[in-house]
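There are two complexes below, and they share chain A, which is joined by chain B in the first and by chain C in the second.
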Partner chain A sequence: MITETIKAVSDSLQVVEHGAEDTSWIVHHILDSHELFGIIPLPEIHLFGLDMSITQHVVMMWLALIILVIAFTKTAKSYKISRAPKGVANFLEVLVLFVKDEIAKPTIGKGYEMFLPYLLTVFFFILTCNFLGLIPFMATASSNISVTASLAIISFFVVQIGGVIKNGFFGYFKGLIPHGVPTWLLPIMFVVELLGLVTKPFALAIRLFANMSAGHIVILALIGLIFILKTFIVVPVSIAFALFIYLLEILVALIQAYIFTMLSSLFIGMAVHQDH
Partner chain B sequence: MEGFNVAHLAAGFGAALTVIGGALGIGKIASAAMEASGRQPEAAGDIRTSMIIAAALIEGISLFALVICILLALK
Partner chain C sequence: MPGLDNIGMLAMSGGLLDVSPGLMIWTVLTFLVLMLILRKVAWKPMLLALNEREQFIKDSLDKAEQAQRESERLAEVNKALMEKSEVEAQEIIAQGREYSEKLKSQMLEESREEARKMINSAKDEIVRKNQEAFSSLKSQVVNIAVLAAEKIIKENLDNEKQEKLVNRFIDDLTKN
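And then the complex of A and B:
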C-alpha cells in the first residue's frame, strides 16, 4: 500500500493540471512493465518472432522459485535429522498435510500419490506469487493472464493425461458420458462433455487473474480518489477503506491458491474415477 | 448525442448488475451455512469449508463480468 501511495502521488502530480481526468496510471501499475520496480530497465529478448523479454512478472516468478526451492530443500534436509520438524519445516508441514488430507485425499481418493507433487507445486507457487504481490514495490505475477493461463493449461494436461493413464485412451472418452443416456442424445452429450473439458481450465485461469487484479485496482482507485477530488477531507476515509481492502486481499490470496488447487484436484478426481 | 461514449456507461451498469447477482448468491449460501451450523454445531468446520468454496466459485463468475467491464471501460 505504501508503494501504491508513492506511485499515486508522483503520477498524479503530472496529471493534476489536466484535472485528473486521465486514469490510465491505474492500469499502468497493474500491467507488466519492462522496468523492474519502475527504475531498473530489464533486457528485451525477441526469439523466433516471440517476445521473450524478461519483464517484472518474470523476475517475480523467479523470486518465488528461489524462495520455494530454498524453503523446501531446507525442509527436506531437516527430516533427515529428526522426524519431528523444527523451524520452517514445522510450518510447511502443516500446509503440506493440509493439501494432502483436505484437498488430495477426499477428491481423488485411491491413487492420489501420483498427483500430489503437482498439486503441492501449484498450491505453493500460487500462494508465493500472491503474497509477493502484497509486499511494497513488488508486482503480482498471478495477476498476469499469461501466467494464470499457463497454469490452467498445465492443469488441463495433467487432468487429461491422468485420466488417459488410469482409464485407457478410448475408455476415458467413453467414460465422459454418463450412464443411462438414450442413444439419440449421445452425439450431443459427447460434444457438451468435450466443451466442458475445455471451459473448466479457462474458468480457472480467469478466476485467479481477475481476483488478483481486482484487489490491486480497488486499492489504487481508492487512493486515487484523493487526487481526483483534491480535498484533504477524503484522506482518512480513503486510507481506511484501502487498508480494509488490503487485509481482504491477504485473505483472497490464500483462498485463491486453495481454490485453484481444490478445483484442479476435483477435475483430476473426476477424470480418474469416472463412475458417475 | 455525438461523441457520447456509451462504453463507459455500459461498464458502470455491468459492474453494478454483476455485484447484485454475486451478492445475492453469496448471501444465500451464507444464510444456508449459518442455518446448518445452528442445527448441527459439530459440522461447523465442514460447512465453513464448503461455504468458502462455493463463495469463491460464485465470485469467480462475477469477476468474469468484471473483466469484461474493465475491457469496456478501457476503450
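And then the complex of A and C:
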C-alpha cells in the first residue's frame, strides 16, 4: 500500500517535473516550420545541397512583400489625383516623411537621397513582418535569426558600398583609422576597426531577433503557466499579463523597425562622412 | 548512445540560434526584389510628388507674402493719395470762398458806384430841369411882360383903364 502510494506520488511528481521542464513547445512556436498555420504543408526544395524550402517565414515575408507593393502602388497613384492624399496613403506618407526627414536627413546629411530607397524598404519590411507576427496564426519572420542576420548583412553591404562610393575605395579604408595613431599601432587598429565594422551588423541582427522573439516567448510562457500549474485561478492573471505584453509588443514592433532603420542610417552617415 | 541521440534530436529540431542558409538566401532575395519593385513603383514617384508638393507650398507661401506686401504698399499709396486729395479739396474750397468773397465785394463796389452814378445823373437832371423850367418861366415872364407892356402901351390913355389892365394882367398872371 505504502510503497504503491509513494510510487504513484513520485510518478506524478516526475510527470509534473517533466512537463514543467519540457518547454520545447514554446520554441517550436517561435521557430520556422514547414507547415503554414501549422496545417498546410509547404514544399521542401533542395538546391545545390542547400535546404531552400519555402518555410512559414518565407511565406510571411512574401505576404509582407505583397502587402507593401499593393499599399504603396496605391499610395503612389493617389498623388496623381491629389497633392494631399487621404486615408491610408496619408498615413503611409507620414511614415515615409518620418524616415526621410527624421532618420535619413539628420544622420546622413548631404547626399541622403541615394540611401532613401534602402532605408524606406528596410523600415517598412521590418515593420510589416513585425506586425504580421502579432496577428494570430501568423508567424514573425523578424524573430528568426536567419532573417535578421540577412537584413543586417544587407545593411552592412549598403554601409560599405555607400562609404566606398563617397570616399573612394582606398580613401574609405584609410578613413576607418582615426588620425594621429602611431605607425606601430596601425596593424592592431586596422583589425580593431575591421572588427568594429562587423560587430555593428551583428548587433543589429541580434537586437531585432531578440526583441521580436522575447515578447512572443513571454506571452507563450504566461499562457503556459495555466497548463503547468493546472489551475483556473491563474487564468485571469495570465491573460491580463499576456494582453499587456501583447500591447507592449505593438510598441516594440514599431520601435524595432525604427531602431534598425535609424542605426543603419547612422552607420551609413558614419561611413559617408568619415571626418566626424 | 542515448546522449548522442539527444544531441541529434536537438540538431534536427533546431534551436533559436540556428542559422539556415536557405532561409537567408530567401530573405535576401525577397528583400532585394521588394526594394527594386518599391523603388520603381513607390519611392521614386512618391518622393518626387512630395518634393513637388514641398516646392508648391513654399512657392504659395512666397506668393502670399508678396501679395500681402503688395497690398500693404497699395494701401499706403491709397492713404497718401487720399490725404493729398483732401488737402487739394480744402484748397479748392478755400480758393472758391476767397473768390466768391472777392466777387461779392467787387459787385458791391460796382453797384455802389452805379448807384452813385445814377444819383449824380439824377441830380444833374434835376438841375438841368430846374434850369430849363426857370429859363422857360423867365421867357414866359418876359413874354407876359412884353404882352403886358404892349397892352399898357395900347391903352395908355387913361389911368382907369391902365389900372384895369394891370389888374387884369395880374389876374391873368395868377390864373396862369
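To be clear about the criterion, the second predicted complex is superposed on the first by the 254 of 276 C-alpha atoms of A that agree within 3 Å, B and C clash if a C-alpha of one lies under 4 Å from a C-alpha of the other, contacts with A are read in each partner's own complex, and residues count from 1 in each chain.
Assume a contact is a pair of C-beta atoms (placed from the backbone, for glycine too) under 8 Å apart; a residue touches a chain by one contact, two chains touch by 3 or more.
Quick caveat: nothing in here was measured; it's all calculated off a predicted structure.
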Using the touch definition from the top, say if A:V147 reaches chain B (first), chain C (second), both or neither. second
Figure out whether A:N90 sits in contact with chain B (first) or chain C (second), or with both, or with neither. neither
Which partner, once the models are overlaid, touches more of chain A's residues, chain C or chain B? C
Return first, second, both or neither, reflecting whether A:Q256 touches chain B, chain C, both chains, or no partner chain. first
Per the definitions at the top, what is the overlap between the chain A residues touching chain B and those touching chain C? 27
Under the definition above, what is the set of chain B residues touching chain A in their complex? 49, 52-53, 56-57, 59-60, 63-64, 66-67, 70, 74
Over in the complex, which chain A residues touch chain B? Could you list them? 27, 102, 203, 206-207, 209-211, 214, 217, 255-256, 258-259, 262
Looking at the complex, which residues from chain A come into contact with chain C? 24, 27-28, 30-32, 45, 50-55, 57-58, 61-62, 64-65, 68-69, 72-73, 75-76, 79, 83-84, 93, 96-97, 100, 113, 116-118, 120-122, 124-125, 141, 144-147, 149-151, 153-154, 213
Complex contact set, residues of chain C against chain A: 13-28, 30-35, 37-39, 41-43, 45-47, 49-50, 52-53, 56
